[in-house]
């Protein structure tokens, strides 16, 4: 059930020039949230920023009762968030959205291909953790602008996930974008279910690729949100055949065929 | 000259349930500010709070290059100010306003009676320091709601200022208000120049008293301010004969006869 | 235990307290069920409803502004039939005081809508003649005294339910529009709808909203809303419902003091989903602290 | 060193850059001398000036609101004679591009003021027909096309200086008011003046401002101002000056992109006295970063 939580900040750590990881003590939420779901964070009690900030659940430890958020400092809210210190707390609403659809446990021949562009890595660690728990063979393809922006690869490797990287400037891994990286990987005849998150242009290119290869894919989308609760109707994405879906309640995860990017 | 300073916070200390003392490193300002002048503090860089907060200079150490502000947490700005910690800095504009007119040094028979109501104590410590430096015999009459709200009496006593207190609830000193306290003191035939700061109703009563006793008095006034620079014309107080004076530039210190309270 | 009487009557609509949720900001109420008892609210004004389903405007549809937000939803809604079949039964079984916000392109459409909405479980109708986010109809109606009179008087002939007319702030003289609505038979007025605004991205040199312009709401507009509610409350005899930037009980009290008999909570629901419930409690606490026993003692109590 | 051309011409008024300070928010410029070179500004629009001195409204005159403020100064000013004797010589000797904001109660007063202000050192006149804080005249003029036409055409007959007409946002259709001013001979338009608003203290149940209502300014109103500037820039041929909530260069750029040939910095001067100078630098930096050499490439460049 969606609830409002005052979550104590356990850690708020800078991982890269503009990327931070926030660890929150919020047991009741940690026990029910699923990969791909998100929370709405009220960063301050002032009117600047005014709206809440939607952030995916990056990681979750149900036993410890904690969740982690991974965020990029882009504007007022995310910068304000990066100034908060352990001891303080933030109010969050969640769990929100549908989350990824996971394959049945131990199903034969299930390969998962996680595709992340930039901060799109955020929801994929929690997803990887659950896939690995279901014994799904999981691989991460991860693209960022430079080597410094590639964060948290260790955590994936510790789960036993194979990681391949690329950067726009070639400072680590392949020089190029993550769709090229996936295309290269698929050339060897490999296949799998794609789980992707990243900027819309990347997802658009990825949509072409998975269609041409006949792969199933789920995309975690972003849209500018006011409520996150299905009430404001602000967060729309076009759907095939006309009309819109709501990213906060129908998504944020969509089957690639469900949306017009 | 009025300038803008980024002043480092040296200390921000809670003295009473709602009273704080902020120590700032701002040498260029400390070297020119006079008792009764004030600064305009930009508490945050956000739009909430939006306007700056006018605060009197409570104390000043020109050699050390520091000033102190004494403030009561009443609303958004002052509460936000109380959350700032040493290491952070605030932007301030100053020195603003006219300040108190001090008597010529060592002039004979000059007795100063400082009268403070509540947070009206703020500008009077710096004033006392300068009066004492000029060898003016100085006495403080200080009223507050309860004993807990009487703050910083030590600092006056260290200067050699005689302090008499009163509280609304009688928890320290006379039970009653500071105008009564002064009236009682004057009954013994004592006299002196009055320097006062406090809520308008108190100053109104004080005005009556000093008129009846024929004493000279200077009042440090408050008015809701936008600019503090004489530009917005927001901060008016009525003057005898009609029209208004501007508290930020014509004041904040007025001779008692100059204003209609 | 001292209790206070929070009940108000809005042109025949009896409310258990003066706190409603504003159209378009609280969905159909159902979306907020996990945050509180919908039945404890004065009432829920549902999303603007049209005869036919509407897809709404292209994205981006919302954007934050200083102490507020712009929206250009464009009246996305599933249409009146779907509302009656799908949402109304739920709201009725929950016992929610349901007010339906109606939007149309023509007087005839408004009248047909009103007729379709004469249903058990609907407590009142709110006539939205002030939506800035649709091309035809919408705000145009709300900016002309003549059109206001026409649509209000016609809709009244097709409805037995209390009719609340929701006014646009994008006008020169809102008091005159209010008087026109009153003269035409409105049972109550609600104001304000959003102020027409715009946002631009200086990097891309494009409007941020897909619809270019949108409606401004939130604390930013509260001073304008408060002024208009005060002006209108003085100009008419019928009850006025205050809307605009109400985030806290203090905000709500200001509107009531200025003459509003009830208030609606809008964008606040996005920031704090329990806002409406908190406001009810805060109003009750204020009355007690000030030795009042009835909210009606506070309505219009402003001393000039 | 690559330089950019920031010069703009506002209906005959040549400005070295498009950044002016708004009337009533920068005094007579002199008050801000210690924060920067007044001569580096595009120009200074001085406090609203009337024929006779005015004491203004009773206090409280200003109050903070969410991301903004209300003011009810009521045109306090020392009168045109004092301005000409006391302030104009100082401004002239500093080389400041001085624009005088004129306020009157009648067409005759405006005309007399305009005549008195045909003085060396005055670069242009700004006709304030939009002040919400005075009883007679003021905003009333700015809300009627007929009155706008009358006062503008009459003042034009008494002035050789470029005439900027400052529009009120408290109207149903600002584009039509703008067209009326243009038709009557305005050389340029400036907008917006403040939105009429109100604030109440729920504890005392009294209005906070001595004048009950006041004008809302600051970031809160930027979306409304931007929308109006965009609408007006499309509706007229004469240059438009954008005003309303401009705090940063980014804000200023948004107005310019929407069609403003220049902008005015208002309440920002209270919060950050160096705002106007920072905005000039920020605009120049933006042009360079975007490979532009002339501010005119940016004016009205919004892509819909």
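As written, the chains take the letters A, B, C and D, and residue 1 is the first residue of each chain.
Assume contacts are C-beta pairs under 8 Å (C-beta built on N, C-alpha and C of every residue); 3 or more make two chains touch, one makes a residue touch a chain.
Everything quoted here is computed from the prediction, not taken from an experiment.
Participant: What is the chain whose Cα centroid lies farthest from the Cα centroid of subunit B?
Facilitator: Comparing chain centres, A lies farthest from subunit B.
Participant: Centroid of subunit B to centroid of subunit D, CA atoms only: how many Å?
Facilitator: Centres of subunit B and subunit D (C-alpha means) sit 36 Å apart.
Participant: Starting from the mean Cα coordinates of subunit A and subunit B, work out the distance between those two points in Å.
Facilitator: The separation of the two C-alpha centroids amounts to 54 Å.
Participant: On a C-alpha centroid basis, what's the spacing between subunit A and subunit D, in Å?
Facilitator: Centre separation, subunit A to subunit D: 47 Å.
Participant: As a quick test, compute the distance in whole Å between the mean CA positions of subunit C and subunit D.
Facilitator: From the centre of subunit C to the centre of subunit D is 34 Å.
Participant: Which subunit B residues touch at least two other chains?
Facilitator: Where subunit B meets two or more other chains at a single residue, that happens at 47-48.
Participant: What are the residues of subunit D that contact at least two other chains?
Facilitator: If we look for residues of subunit D contacting two or more partner chains, we find 65-68, 218-219.
Participant: Chain touch graph shape: choose line, ring, star, complete or other and state it.
Facilitator: complete
Participant: Would you tell me which residues of subunit B are touching subunit A in their complex?
Facilitator: 46-48, 76
Participant: Provide the residue numbers of subunit B that touch subunit D in the complex, in ascending order.
Facilitator: Residues 1-4, 42, 47-52, 93, 223-238, 242-244 of subunit B touch subunit D in their complex.
Participant: Quick one: in the complex, what on subunit C touches subunit D?
Facilitator: Going by the criterion above, the answer is residues 65-68, 70, 143, 170-173, 195-200, 202, 204-207, 212-213, 216, 218-224, 226-227, 230, 245, 250, 253-254, 257-258, 286, 301-304.
Participant: Along subunit D, where are the residues that touch subunit A in the complex?
Facilitator: 66-67
Participant: Mind listing the subunit C positions that touch subunit A in their complex?
Facilitator: 24-27, 31-32, 34-35, 47, 55-56, 58-69, 71, 73, 76, 218-219, 247, 267, 269-274
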